[in-house]
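Before we start, here is the structure in question, set down as structure tokens.
For reference, chains read A, B, C and D in written order, and residue numbers begin at 1 within each chain.
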Amino acid sequence: MVIVMNIDASEKQISEITNLLTSLGLGYHISRGEEKIVIGVIGDKRKLDGKAIEMMEGVEKVIPIVDPYKLASRIFKPEPTIVKVGDIEIGGKNIVIMAGPCAVESREQLFESAMAVKRAGAHFLRGGAYKPRTSPYSFQGLEEEGLKMLSEARELTGLKIVTEVMDVHSVEKVAEYADVLQIGARNMQNFSLLKAVGRMNKPVLLKRGLAATLEEWLSAAEYILNEGNKDVILCERGIRTFETYTRNTLDLSAVPAIKKLSHLPIIVDPSHGTGRWHLVPSMAKAAVAAGADGLIIEVHPDPKNALSDGPQSLTPDNFESLVKELKIIAEAVGRELA
Amino acid sequence: MVIVMNIDASEKQISEITNLLTSLGLGYHISRGEEKIVIGVIGDKRKLDGKAIEMMEGVEKVIPIVDPYKLASRIFKPEPTIVKVGDIEIGGKNIVIMAGPCAVESREQLFESAMAVKRAGAHFLRGGAYKPRTSPYSFQGLEEEGLKMLSEARELTGLKIVTEVMDVHSVEKVAEYADVLQIGARNMQNFSLLKAVGRMNKPVLLKRGLAATLEEWLSAAEYILNEGNKDVILCERGIRTFETYTRNTLDLSAVPAIKKLSHLPIIVDPSHGTGRWHLVPSMAKAAVAAGADGLIIEVHPDPKNALSDGPQSLTPDNFESLVKELKIIAEAVGRELA
Amino acid sequence: MVIVMNIDASEKQISEITNLLTSLGLGYHISRGEEKIVIGVIGDKRKLDGKAIEMMEGVEKVIPIVDPYKLASRIFKPEPTIVKVGDIEIGGKNIVIMAGPCAVESREQLFESAMAVKRAGAHFLRGGAYKPRTSPYSFQGLEEEGLKMLSEARELTGLKIVTEVMDVHSVEKVAEYADVLQIGARNMQNFSLLKAVGRMNKPVLLKRGLAATLEEWLSAAEYILNEGNKDVILCERGIRTFETYTRNTLDLSAVPAIKKLSHLPIIVDPSHGTGRWHLVPSMAKAAVAAGADGLIIEVHPDPKNALSDGPQSLTPDNFESLVKELKIIAEAVGRELA
Amino acid sequence: MVIVMNIDASEKQISEITNLLTSLGLGYHISRGEEKIVIGVIGDKRKLDGKAIEMMEGVEKVIPIVDPYKLASRIFKPEPTIVKVGDIEIGGKNIVIMAGPCAVESREQLFESAMAVKRAGAHFLRGGAYKPRTSPYSFQGLEEEGLKMLSEARELTGLKIVTEVMDVHSVEKVAEYADVLQIGARNMQNFSLLKAVGRMNKPVLLKRGLAATLEEWLSAAEYILNEGNKDVILCERGIRTFETYTRNTLDLSAVPAIKKLSHLPIIVDPSHGTGRWHLVPSMAKAAVAAGADGLIIEVHPDPKNALSDGPQSLTPDNFESLVKELKIIAEAVGRELA
């Protein structure tokens, strides 16, 4: 921690701070510049938790130096984490594809989607049984019924299942059926839910919040890791900006940035990231080129009649063509898509 | 709903849309301009739920006309809602002041704060027993112990209690102790939690999400209203922008905008809205001048030693001076602060 | 400047940095924490201009301590600057009101506006002769003809004139007619233009850029001050966020923040800041309560027929009522509106 | 244009609008829904310029249907524009690479950079002679001296030259030396400058503004096209968001979106887009995978000693490796990099 004071801070103001530091067993060093006085603090900064040094007289600002997360950090664990779901590895050489409808709507719709995405080369089936919707009057999902259908679709196709869990009440139920528990963007800082999935023995797909910084996102992952669950997969899904043509602004620079800051695998959701199906193939290819470990893509057998998010869903045919293109890009960056 | 098509859309493409509308029992009218063809849809737009008209050939965009919320809307209920908490009215002529520490830290800290804010003229004591914190290593709150202290502080001072509820598990417990249930910004779209507090018989203070539009905020209120709880108080607490000098950007234009769009009362949180105590008095006065129905302000007997959010807390003395100034502003805009 | 290195940086990496500092005549101090190594640099940081220390091995980040502006800073000049335009003072006890149409459209429209705002109590007439418009097909202004009309309106009413200058070519011409030169939001970082108005002997009204931080805004003011023109008035006019109900998000916290960071006067433009005339009165009152030194408000004798920005213009009657309310607020915060 | 009215609008309010439309020679159609009344306007909407229908009684909002740009639109000109600079085509099958230092600092630095990027396979040399800098105390460029050096570097290497023009005064001078005139992000809405380069006979590289929507960006291009200059190249360079780890957020979805909305070629600047050299290679590859027509990348022979933007510059070696990787990606998406 670095404390910046105005050059005209009095000796009394400075010694009030240094006395506080000393009383807490912390060391310090004072640099007097031409415009500012800088006090570098040495020792365990946790001793300063809750000391509002910004409010002490003469202090201009306090700059934290240490990251708020530790277990999620690449410095803490330099080698990349590979999350295993059965025989599938996320974060290894292979690019993992998760695909399926936004919401589970019916057995027929789900099975048709599942078989189509399986045929095209997907590894996971996605589909929401519990749906977080902006309006209470929109379709809210089939709930446990939907979970059962997902489980049947797994039997049918061998695909792994990733599906969202929306609250602490339903964590155990969703975990009964799913292979990977998804935390949605709107729940990225639902800390009770993060702790609850952190206590489960299932991998967690943690979507980035609509207005979350990388630091907040990794701190959210830290909540899960800190409860003992080491299998966290990050998912970039677009952030909110002033641009209105796209539903969100897909921040692909998050991919190489997370690779530098953390050891956790990261996948990309170009469907929510853009909100327009015709932008999805370009952004899916860009994500793989940027170094993503996988993709999660909305595919619906009949997007025009989807109960949720139709405009951003690919048809099975579009999806099949895309997977072929993705294989070529994967190889071009030294990865595989098997 | 208005459907915009390219001027070069074929008759077949147009008739595919009009056939769909007719089959759903919806009327329509076609306007052919020089650059666009516009189809106005007449009838209950819910019949179009899940029809992704954006994906139909020739369609450029679909523009919704009707708001996604209804019970929260001023058109639905033109007269303003006044939420009553005992003998205190929120949304009436009187400006309501809620004040207290960010977190309940100890009986001593809480009681000292409570007596100070009571003396200065506050109507409510605020204080978190459950704290949503970015990092799992930060102070997480005293939980039920904290709730009990809040309840004791109410006995002591007669102040009403507003405190945050973080998950569906603890709604009933928090409701036992609190007079008003607070939903934090990070949970504004935790729809399970919104439904849960919507089923309680307690007023709800709904903070605006960090990146929530007014439409999404009112739709979140709709979740609560739709479960039968009519007592929703909105709270503007700053949105996330590129500016870094302030912790958030306090959007005071939300006050007159909400007054126009909705009948619900709205208060302002200048402490989280700015993150800097020295900006709080100016923004508190501005909020009242803009038409806010109340304020929620962090006050700590010893901000330098607060376990949470010290830099944005006022001292009891600062707070007392501020309340005096607020009375003058309230009168200047035809309100009262009693 | 503070240099943060990873805890596993080698001694060689550290000495490469300290050798560089020494070679430039700079002092330093090294603090070795548990997770980071921090090097505080002592001396004139300008010696490090263009040394990309971030790129040196082992360096994680470089944190600047000193602000990029100096003449605009409150530390450099603690007493507030009062800009005098004839007998009118901006930044003193009196709240200054600038009002008039967005664009000068005709002699009749301008004179009618001028007389109306004069009667209501305005000190300045605003009105664009050169208009920056998003589309080349929108009305671009009457240019010199418009300047002449503004000058005639001054004769007629005694109001001072503030009008926008859009490029380096027309600075001298605009200065012939105007009392205050306005730099628009889109030109806030048109550095050639800033230097050009900095060489004039006329006060400058510098609007905040649509996505400008306070630091960038004050640095833009620094360009003007640095050329010798000390009379800079800042104008907050809303920043761009994800919210779409308002045209911009008016950042009133900029008012007390600028008052802390700088000695320059600051006024507020609630018309562009909201884009909706029915929000203007509330935000104008809030601005004065927040401590603004003045307001610039669009008033049009017939807003429905304005050639530009009608929806955000007040009628003369609305404006007159507003000025009366503003007087009361001004007094409530210890100011005057004469 | 679509006019939305409240369901409780009176017949008088409706007829005031329809009378206005009729008086202007415009047709209309009224749809009465359950919650709103919608008036679709038929005819040349320019007749409504400056009629603030939003302000008429009973009107809730006015929704424009037609885009503000025309010459830049894909509907106006369906086939892609290929900008030719000598024998180089931008917007064709070949991916074009522009590279070089942020600023021209010296003959030696420039020539070394030029030879290195030429050797690695670049087609253009970039380098600023006039530098827009946030602070007036930062290096402002070598001006005409720098232009001469760029011209010499062209002689030496055969590379084309792209360099920034900052104001209307220097357009002719820069055009004497440069092959492509660059308009920087901060000048994207400097309309005087856009008109000035629109009258030149040189291609223009138009960078996206820091907070510009796609619509505003294409409208800025329209200013240039409307003056007669058809050779506009768009350049995505990152937008401003709340994220602070990266200098900007590179919006790669702009690439396929622009391809859909416009016929103009688009290139990407991953150096300014991220502000961190170690993110540049990933984002450069992603840009090509997303469909960009080219890249503009900062390369400096000695980034640690660059006078501007060192932290985002690649070394010649890094750049050479990157170009090799880009060739593979280009082929993977059916393009070439020759």
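The working rule: a contact is a pair of C-beta atoms (placed from the backbone, for glycine too) under 8 Å apart; a residue touches a chain by one contact, two chains touch by 3 or more.
These figures come from a predicted structure and were not determined experimentally.
Q: Touching both chain B and chain C, which chains are there?
A: A, D
Q: State the smallest step count from chain A to chain D, taking one step as a move to a touching chain.
A: Shortest path length, in steps: 1.
Q: I'd like the Å distance between the centres of chain B and chain D, where a centre is the mean of that chain's Cα atoms.
A: The computed centroid separation for chain B versus chain D comes out at 38 Å.
Q: Approximately how many whole Å separate the CA-defined centres of chain C and chain D?
A: For chain C versus chain D, the centre distance works out to 26 Å.
Q: For chain B, which residues are shared contacts with two or more other chains?
A: Within chain B, the residues that touch at least two other chains are 211, 240-242, 244, 276.
Q: For the complex, which residues does chain B have touching chain D?
A: 2, 4, 6-8, 27, 29, 31-36, 38, 40-44, 63, 65-67, 75, 240-242, 244
Q: Under the definition above, what is the set of chain C residues touching chain B in their complex?
A: For chain C paired with chain B, touching residues are 211, 213-215, 239, 241-246, 249-253, 255-257, 260-261, 273-274, 276, 278-279, 282-283, 285-291, 325, 328-329, 331-333.
Q: With touch defined as at the start, can you tell me which chain A residues reach chain B in the complex?
A: 46, 49-56, 68-69, 132-139, 166-169, 186-187, 189-193, 195, 210-211, 216, 219, 222-223, 226, 240, 276-277, 303-308, 310-311, 313
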